[in-house]
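See the structures that follow.
Both complexes below contain subunit A, partnered by subunit B and then by subunit C.
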Partner chain A sequence: MTLQSSDVRDYVLLSLAEPLADSGLDPAAVPDDLDLLDAGVIDSFGILELIAGVEEHFGVEIDFDELDPEGLTVLGTFASFVAIEVQAARGG
Partner chain B sequence: MRPLYAGFMRGVERFGSRPALEAAGRTLTYAELGEQAGAIAATLQREDPPDPQLTAVFAYRTPVAFAGVQGALMAARGYVPLDRTYPVDRTRRMLERVGCSSIVCDTASAEQLPEVLAGLEGARLVLAPDHPDPAALAARLPGHRVLGAGDLAPATAWTAPDVEPDALAYVLFTSGSTGTPKGAMVTNANLRHYADRMAERYAPAEDDRFSQVNELAFDISVYELFVAWEGASCLCCPSRRTLIKPGRWIREAQLTQWFSVPSTAVFMRRLGELKPGSYPTLRHSQFGGERFPLDVALAWLEAAPNGVLECVYGPTETTVVCSQHVFDPITSPPLCEGGILPIGDPVPGLGLVVVDDELHEVAAGAVGELIVGGPQVSRGYIGDPERTARSFVVPPGRNAVHYRTGDRVRRPVADGPFVFVGRVDDQIQVFGERIELGEVEDALRRASGIDAVAAIGWPMGPAGPTGVEGFVGSEQIDVDELRAKLRGTLLGHMVPRRIHALAELPRNANGKIDRRELANRLEATS
Partner chain C sequence: MSVVLRELAGDPDAARLIDVLAPGIHASGNPYFDWLFGDPDVALGVIKRCMARDSSEIAIRRVTVLERDGELLGCFIAVDGAEMARCARSDSVTALAAVGRAGRTAFLRRAAAAASLRRPIDADQWFWSKMWVDPKHRGAGLGRLIAEQVAADGDRRGFPRGRVDARPEDAHLIALYESVGYEQRGLTRTSDGIIGVIEMVREP
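Now for the complex of A and B:
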């Protein structure tokens, strides 16, 4: 089964449900270009938690070295990067 | 005494066309930044009464921030950094406490000024050098005087003032246990001593490129600014986002000097940014402000193999850094305790003494509270003689004021290093930011109306606690609403990540709320 970036996106939104609500954002309606840092949804520590969660959920270790700082905090960019990395790690 | 502005002015005179600052997407030469700082200084000299001798700098990662700091010093004033990312209420209280009559602000920070100044007494002189419409700003600040770029005195009008060694260089606020932040008063003589020792140690030169990653309200920035300027080096100030993942920026900006909290390195390693040989241009890296784990130090040294790596230590009250440990991959590991690097040897000229409860020195190898004496001991807390008297003491048998750090430290054996063991009181550090748990508890108490509250540092990461958790002794509290209230009164990193409403808080034998038991419960349920 191919992992889509929308799958990653769904996981991210689910794990950030609480901070999203704190920031007054509706998970069903957030755009792909939402910057989680600028919107105050996560801080730098939150990013580490998110990454740890993503790796555990999808069962892979991801090297984020090549990703721009922007890619780390913008929802859509983050989701597609993770999807590609997970797919590559699974050998597909 | 050589004035603090002399280092920067040497850069202006001898290296005018070299870069002084990269910030907000712009590069300013020493001549350009000197022009801006000179105009601010000349205007303060012309317009602002010389007493009280402090100027607030309300600017965030823009050239105005740096020109403002330098301009204040060139006008023989100390600077008080204010930060628009802090709650407005806290900024107002800081301004009220220091009572300065002049404010240098950048455009984005100026947006908050009407709210910050509301309710404060006295007219302020507001310098807004990069504001596109100073008249509109003035209209929103009735009763105050606003000067835009066109209203400033020319830099040529500046006359170099004498500066008294005891005059303040800056006031930086640290977290206070009663809910009021404490403003540490650092003098020109304090900072002169520190800057001179560091310039000797690191020999900054005009081709050096310093990271400027720390907020002006955090005193590592004092190293960045003043040591870079002593060497006519370039200060490289990234955006907040770049700092989340700074690896590429370190390479592209070709940084040679780095100073941050260890958590930054922990983050970078997690993100795959500490691969061997990643940062060949770094010639000196320093980490301080929290515990520095050995495994992170080893990874950093591999990533920056051409440079020296140091673990440094120092409270704001003793001027940035008072001890330093040069990391050696062979000899340092056996000196670590609990996987944490030692804090090293005193900065030359400072006296570090480990004492017992009666302030008598403990035996070599024993643990006690660290007290610090010497030329970097600041003048105490502004407008707060009581807390100053508690922390700045003359120990029995000594004749000079020492600062009680509240840190538990192991006294060296023979020529070994000082080793940090823990905090004496309930002050914790999260990513280098000091947090008095008492201040968080005070806010919790006021916002909830409940007396039995607690705050603890949790969870524990490799460099200490990575967050704060709150507890209230009542099940009737709406914790979401309570957190929302706290966001209005506490700095972001001090707002508890979670608040737990319990029918009753556990207490120890003395009837005090048992924080350890609370931590155990969190551990058990995580």
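Now for the complex of A and C:
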């Protein structure tokens, strides 16, 4: 089954449910251009957790060097990149 | 011949100095680097990879070197606080890739312990770090030369605040920072208590 960026987005929002709530953000209404770092949803350690989390959840190692650092913590950019990389790793 | 301070941002061949300067950057950040990465060789490898990336906090292009008659005497890094969020993103990617899958769990555990160690650098701060002077040239006032240069650079660039972090055991560095106007703002430690940092701020 093809992995969609919306699948990655759903996983990220679920894993960040608590800090999103602490920041007063409704996961159902979070825009794709939300920068999780700038919005205070995650800190620098949260970036590490985010990367490690998606790699473990989707079972692939992803080369994030290919992604501009500015996009790393933008929800939609991150989700699209991960979906493409996971699909590529799965041979699809 | 007098000491010259040279910003590597203007050197198109700065990357050739990564291997030369990385041990000094490593030494200036220890014991934190070795604690965080769990092994000196791994730490040095991460530092070199970060220095090669323009978006890193310790990118070679951010380094200023001290030279005299072509001899390297020391170095330091100064960063616009507004760039620190981008640096954090970049260095997180580099660090995770460098420690590899085998070292990831232990690294994440130590990174979690370090999460509250350094208060974030604010966008209006001129952040100074990684000061290193070759042991052969210590005691000759080079640290003071760097400190005065960094303070002047921050003022010239219009930053309302300067920031440097010090280890509580480095009394001589704390005294140096205070001598050019930095004030202690508080001590934080890793959750295991092993590494401590004193936030110091200069408001000209």
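Some observations on this one:
The rule is short, and it goes like this: the second predicted complex is superposed on the first by the 92 of 92 C-alpha atoms of A that agree within 3 Å, B and C clash if a C-alpha of one lies under 4 Å from a C-alpha of the other, contacts with A are read in each partner's own complex, and residues count from 1 in each chain.
Criterion: a contact is a pair of C-beta atoms (placed from the backbone, for glycine too) under 8 Å apart; a residue touches a chain by one contact, two chains touch by 3 or more.
These numbers come from a predicted model, not from an experiment.
Applying the stated contact rule after C-alpha superposition, one finds that A:Ala88 touches neither subunit B nor subunit C. When the two complexes are overlaid on their common chain A, residue A:Leu14 makes contact with neither subunit B nor subunit C. Of the residues of subunit A, those at positions 37-38, 43-45, 47-48, 51, 63-65, 67, 69-70, 72-73 touch subunit B in one of the two structures and subunit C in the other.
On subunit C, the positions that touch subunit A within their shared complex are 55, 85-86, 88-90, 92-97, 101, 104, 108, 111-112, 114-115, 120.
Residue ranges of subunit A in contact with subunit B, taken from their complex: 22, 37-38, 43-45, 47-48, 51, 63-65, 67-70, 72-73. The touching residues of subunit A, counted against subunit C in their complex, run 37-38, 43-45, 47-49, 51-52, 61, 63-65, 67, 69-70, 72-73. Against subunit A, the residues of subunit B that register as touching in their complex are 240-248, 267, 270-273, 275, 431, 466-467, 480, 483-484, 492-493.
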